[in-house]
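Worksheet for the structure shown next.
Chain nomenclature is as follows: A, B and C, assigned in order of appearance, with residue numbering initiated at 1 for each chain independently.
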Amino acid sequence: MKASLRELAGAIGARLIGEDAEVTGVASVESAAAGKLVFAQDEKLLARCMQSPAAAVIAGEFAANAASPKPRLISGQPRLTFARAAAWFGAQEAFAATIDSTAVVATSAKLGHGIGVGALAVIEENACIGDRTRIGAGCVVGVGVEIGEDCTLFPNVTIYAGTRVGRRVIVHSGAVLGGDGFGYVRDQVSGHYEKFPQMGRLEIEDDVEIGANTTIDRGALDLTRIRRGTKIDNLVHIAHNVEIGEDVVIAAQTGISGSCVIGSGAVIGGQVGIGDHARIEEGVILGSGSGVLSNKTVRGKGIVFWGTPARPLKDHLKTLAALARLAKK
Amino acid sequence: MKASLRELAGAIGARLIGEDAEVTGVASVESAAAGKLVFAQDEKLLARCMQSPAAAVIAGEFAANAASPKPRLISGQPRLTFARAAAWFGAQEAFAATIDSTAVVATSAKLGHGIGVGALAVIEENACIGDRTRIGAGCVVGVGVEIGEDCTLFPNVTIYAGTRVGRRVIVHSGAVLGGDGFGYVRDQVSGHYEKFPQMGRLEIEDDVEIGANTTIDRGALDLTRIRRGTKIDNLVHIAHNVEIGEDVVIAAQTGISGSCVIGSGAVIGGQVGIGDHARIEEGVILGSGSGVLSNKTVRGKGIVFWGTPARPLKDHLKTLAALARLAKK
Amino acid sequence: MKASLRELAGAIGARLIGEDAEVTGVASVESAAAGKLVFAQDEKLLARCMQSPAAAVIAGEFAANAASPKPRLISGQPRLTFARAAAWFGAQEAFAATIDSTAVVATSAKLGHGIGVGALAVIEENACIGDRTRIGAGCVVGVGVEIGEDCTLFPNVTIYAGTRVGRRVIVHSGAVLGGDGFGYVRDQVSGHYEKFPQMGRLEIEDDVEIGANTTIDRGALDLTRIRRGTKIDNLVHIAHNVEIGEDVVIAAQTGISGSCVIGSGAVIGGQVGIGDHARIEEGVILGSGSGVLSNKTVRGKGIVFWGTPARPLKDHLKTLAALARLAKK
């Protein structure tokens, strides 16, 4: 893959300063070979980039007048522009839009144009796969599942019957979408647990990414819903009937119990635990390892909460300091 | 699927009040369409059910004399009866008792009557599958595994060689049963770890349900055992040589270290951590996020423990309150 | 499988005392049948072993003069010698070095001698598999993956394109190696997250073992690296750009955030959380459930740290004691 800086600048909305040159992809400044594109957020990084063998540097306005012959792509958000450059190169890569002869695709499944289905993948009855979507080797797409356009399922993903997935969704290997929630009724006579119905559905909107071995359960009777643009890391658990807003970020190994509501723009650290029926409101930031008790509401756009039970960071730090004093007595 | 209320009442042990009608399944009161069956635990919910388009309501004795033309199924445990109605409808659904032509089944495997094996599932040598059990697409059932009658393995489950699974067991996608435990011996000379044998077995009794991407290891030299009726959520880890009693409930992302013993009827919240060789005695309730240290015993039927190290809830709340006071000083 | 004690003693470096006999494998003292080999670390266990039906006992020097007719294999590290005896028996077991006819192996893949590929495994273009390596049923080995000699992949492992795996590596079912890290750039204008490139690689050195459903991400632009001899339990998460030293032990459900460095010989308990860019130096022991904040360094060979934020065990215990006093006031 090769591109001219001028062509790339146009595609990603940056301003070229210096001579046009050919670039072959992005790299870190530490490992950049000739022909690669690197990025700098500040003067110090810019100096390192300038000395690297990289062909060009994406940087902020501060780099426009730098005294260096190396070409620059100037952008208001250089890290974002770098990400878009990488995505642009990725999009140019050929992709085998073929259905592997060893895949098992139900005749009733509806397949869009230009889709790729990997070896030994299974697409069950009445599933519906959008244009240009890629299903990795060994995936199992259940009965009646709907997947939108331009999605990528990495190998060995499992999607239970009836789940709906939007457009441009990325699902990593081992993720299980739409499994039964954890709900039982205890028979007061025998003391045994019997399964409460888990027959609702899981809906995942556009531009969501789901990490490896993450599990998201279907609703018990109604919906579990993950809204547009939300990004979920590896080994996360999302229980039945949860509603997650738009542009939420959830780091690895966090668990969200049944019927929680997470507002748009929330940022949830790793290994957080949220009890059932809790509400995390719009824009809340929950530090790693925090715990939110059942039925609680956590509120405050841009406010960082930490600890168990989660409190504003300031209060949490006060408690830690008090504890440290106490231990010294 | 259709049933008369009278037929269903007989099947699930409820008393019909009002006119017989046809019902087509269960639903939540929020989403119930005509023909659906809903349930109410109290007067307030009953009022909502009565106003919904649902065909009938399962409710407690309190609803027997309600002034409404909508038919009711009266039961001492309405939520349980609702769960049984859902199960009854599920059991009526046709199920393809066929072995998919793309499944790879060893000729030495013993298959019961009426079993279903999904596309591209693998059943290895000398495995033994009970009558009416369903093996989902992409599952791998190892050498010599024994699975009882009426089990359901969702797609992409892995069962290591020699594991025994009882009857009516449900295993969700991505679960790994009978993997090697985490045991090594450090060579005092080289400082390297060498694998301690992990050649015991995993036994899972009847009526257990195991969540998606949960891992349960085989015993090192002897057994790991999960007893009848225990329910395990997603992403739970159960280490080698653990013994879990009957009717235990374990919520998501909990980890139980090697050689622990969990008594019958215990309820273990999400993200709990239990150190090796700990004993959680019969009927103990461990709050979410609690930690139990190695070799400790937690005792007290029906008593709620919380925190790390886990203490009775009352003591835990006192500590939290004291901490809050301290931070204010 | 049968062996004489004399032959085995030679193979595992132990000294035979008593008559030679035939042994058929190892067992725990609780379950040992005739013909089995057991081990004893102390006099008390030795007495139990001597009374068991086992054919012989591996024990320390203390057992050399024990008054018993049962043969002994004497070793300076009896538990280690027992582990080696088990490994020796395992290595004698026949293993089907065949490529199952249902596996899908790209013609460009390079396969070593004597390798085994299970049913319905997928080996993609230009992958390279070393001699005597076994790939379990349902595994997916991505484009250009390199796997060394004598490795074992249990069923349903997924390895993303470009990952490199050393020799004698064991990977348990459901593990996902080399998946995309969790990295995004937020567009300050739209508020949406866009994917930061995750195109680095994962390198796993010799003698590593990786537990079931564990996820290890590739580097964003450069490497994630797991060095020789490190052992990782089930459901562990290791993020992009992490470097883990040699002979590190990581127990189940621990999460290691991006760009952390873990020194050789560190021991990390279960459910530990380590924030991004933290350094755990050589030989540190982190107790289960501990938390290390981002950018922190934890230092001290052989020193046990506990709690969140992790502190030396002594300090942690002082705090717990102070808290207990406080709650009693």
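The rule is simple: a residue touches a chain if its C-beta (ideal position, glycine included) is under 8 Å from a C-beta of that chain, and two chains touch if they have at least 3 such contacts.
As the structure is a prediction and not an experimental result, all values here were calculated from the model.
For the two copies, subunit B and subunit C, the CA superposition rotation is 120 degrees, given to the nearest 5.
Comparing the residue numbers each copy contributes, subunit A and subunit C share less than half of them at their mutual interface. Note: centroid distance subunit A to subunit C, computed from Cα atoms, is 28 Å. Counting partners per residue, subunit B has 120, 138, 156, 174, 213, 235, 253, 271, 323, 326 as the residues that reach two or more other chains.
The part of subunit B that touches subunit A in the complex is made up of residues 26-28, 30-31, 76-77, 79-80, 82-84, 86-87, 90, 100, 102, 118-120, 136-138, 154-156, 170, 172-174, 207, 209, 211-213, 229, 231, 233-235, 247, 249, 251-253, 265, 270-271, 288-289, 320, 323-324, 326-327, 329.
Those residues of subunit B lying in contact with subunit C across their complex are 104, 120, 122, 124, 138, 140, 142, 156, 158, 160, 174, 176, 179-180, 182, 184-188, 191-197, 199, 213, 215, 217, 220-222, 235, 237, 239, 253, 255, 257, 271, 273, 275, 291, 308-309, 315, 318-319, 322-323, 326.
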